[in-house]
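Letters A, B and C name the chains as they come in the text, with residue numbers starting at 1 for each one.
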Amino acid sequence: MKNGRASLEALLFIHGEPLSYKKIQSVLGIENDELETIIKELQTDLESNDRGLQLVSDREKIQLATKPEFNSILESFMKEEISEDLTPASLEALSIIAYLGPISRARLEYLRGVNSIVILRSLMIRGLVERFSDPEHPSGFLYRGTFDLMKHLGIKEKGELPDYEKFQELLKVFDQPAAETEPAQ
Amino acid sequence: MKNGRASLEALLFIHGEPLSYKKIQSVLGIENDELETIIKELQTDLESNDRGLQLVSDREKIQLATKPEFNSILESFMKEEISEDLTPASLEALSIIAYLGPISRARLEYLRGVNSIVILRSLMIRGLVERFSDPEHPSGFLYRGTFDLMKHLGIKEKGELPDYEKFQELLKVFDQPAAETEPAQ
Amino acid sequence: MEYETRVGEFSGPLEKLLTLIEAEKMDINEVSLAKVTDDFLRYLETFKKGMTEDAEAIDADAERKFRVDLRILADFVSVASKLIFLKSKYLLPGLALTQEEEADIKDLEARLHIYQQLKPAIKLINQLWATSHHSFSRQYFIGKVAMPGQTTFYPGTNLDTEALTAAMHGIFDTIKTYDIETETIREKIVTLEEKISEVLGRIQKEGDMHFNNLSGEKSRGEMIVVFLAILHLAREQLVLLEQMDNFSDIMVKKK
């Protein structure tokens, strides 16, 4: 296969999780032997000191990951990222989820007027928000504040938040009936 | 810095989203000059046919992404959210922002001859356009295309848009002060 | 978003105007603008008709759609009024244009020239959008979202109920501003239908009358709308426009 290494790199890059040899073969349209060769080539490339990634694999699956020598620098980076104070945008998204949750991503974005994928992920990583399957639309997701968030805010349920009733009323005026559930990822 | 390229690769790989030059400098503990050099080195490495990745950049931020030529392999993997069609009005606004952004709402509306608040909102919800504070007028906002837009169009930076320089010339019209009025009465 | 469909169908007044001029293979200038004025107004009418249908539905969604349309209509009307001024130079010599109005027309010409240069960029993006190969990136900190039961909790130092309440107020303020902006536009537009029926009513009551009478003591802006309405009526051939000589009043006659 032409550009075998490059294709494999791109595929493992976006997948993020371990990917089975079988699946890779079917996506790239190659046989097992060829895949073995490509993996070896990629492995050799990655051994270079100019590369920050490595292949992690068992007999069935393979994954692209960072080299262990960068663990400490990356961990402190991530920790710093998620312990920073919430930005105005994050507070905005979190307040909508706290007051109006469980809420779909589409509805949240509609109220904010901005795409919120990354902010939602960051709020989830910080343990402030959690995602669960929408019982009414099994293929969709809803977001709500975590138990830890409520504890941190010192409340037992969202109704205790200041001006809770008022925002519910305001929302009725603005509410949008169109289908809102986020499709499954 | 030893292993500069490798560290940058690992950092961008873990973070996933566009990362600012400033942040990278502080994490890696390097100055701007050195970062520029490392980015250039990484860029050159990535040009090889054996690499499946590329750097997308707007001069302030940088992101690691797959090369567009692997689109056909990867598309089935990625549930794309933004490939829906653009309406004529969205297309018009998006084109002006892509070629002439960062641009104020007043200028966009001057060029389109139409109030654009709704279109801007919808482009922002789709994650194709983002709004930020105008550094020169702290109370004002500017709009620009997002990294997601560049990736969707398969370009590494906005200068790769066809005839980019030519359309930039059109900005000269704003050197005349009259061109700032809002269209709506 | 559902309610943006309508907005999307209309690129804008400049695009429409340019299309009309280019269809006639004319250059952008006063003469060509005056020439396509009627077509432009006709187009504006079809847009308006669609809006009235929407306005009859009373649910919130239709109401929102109607308001969005109003914003766009405002811009079409704004361009239309400039065209009317221009046309009136030829039709109503009594109505001399102020410097500002002359400047408005020059500005419209200038905008059309810029828009003409921009048009290829729109085509290019459209092409790229339809045919380009996409590049993909990784999710933010992929694989780092805490699993259920895992205890990660990073609230930062600025998170409390007050901060959340303040953020909520901010969101609803933004939404309110957004709505108020539309209301203002609505108030400023004197709707064509109202004017048309008003003019019709008066014609029926008083028989033929002079345009000057009809426009009475009204502000210039309103006078333009009246004129617009008359042009519309003339086109629909409900009334006949008669101008005896170049400098005289226009007669509005019942058919």
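Note that a contact is a pair of C-beta atoms (placed from the backbone, for glycine too) under 8 Å apart; a residue touches a chain by one contact, two chains touch by 3 or more.
The structure displayed is predicted, hence computed values, not measured ones.
Comparing per-chain C-alpha centres with the mean over every protein C-alpha atom, the closest match is chain B.
Using the average of C-alpha coordinates as each chain's centre, C ends up farthest from chain A. Our note on geometry: chain B versus chain C, Cα centroid distance of 30 Å, whole angstroms.
Distance between chain A and chain B, defined via averaged C-alpha coordinates, is recorded as 21 Å. Per-chain Cα centroids separate chain A from chain C by 41 Å. Of all residues in chain A, those touching 2 or more other chains are 10, 13-14, 78, 81, 110, 113, 117-118, listed in ascending order.
Residue positions of chain C touching 2 or more other chains: 1, 136-142.
If you check the complex, the residues on chain C that touch chain A are 1-2, 59-61, 136-146, 148, 151-172, 174-175.
Those residues of chain C that touch chain B in the complex are listed here as 1, 4-5, 7-15, 68, 71-72, 74-75, 77-79, 107, 110-111, 114-115, 117-118, 120-122, 124-126, 128-129, 132-142, 178, 181, 185, 188.
Those residues of chain A that touch chain C in the shared complex are 10, 13-14, 16-17, 78, 81-86, 88, 91-92, 94-96, 98-99, 110-113, 117-118, 121-122, 124-128, 130, 146, 148-149, 152-155, 161-163, 167, 170, 174-178. Chain contact summary for the complex, chain B toward chain A: residues 3, 5-11, 13-15, 17, 27-28, 41, 45, 49-53, 64, 66-67, 69-70, 73-74, 76-79, 121, 124-127, 130-131.
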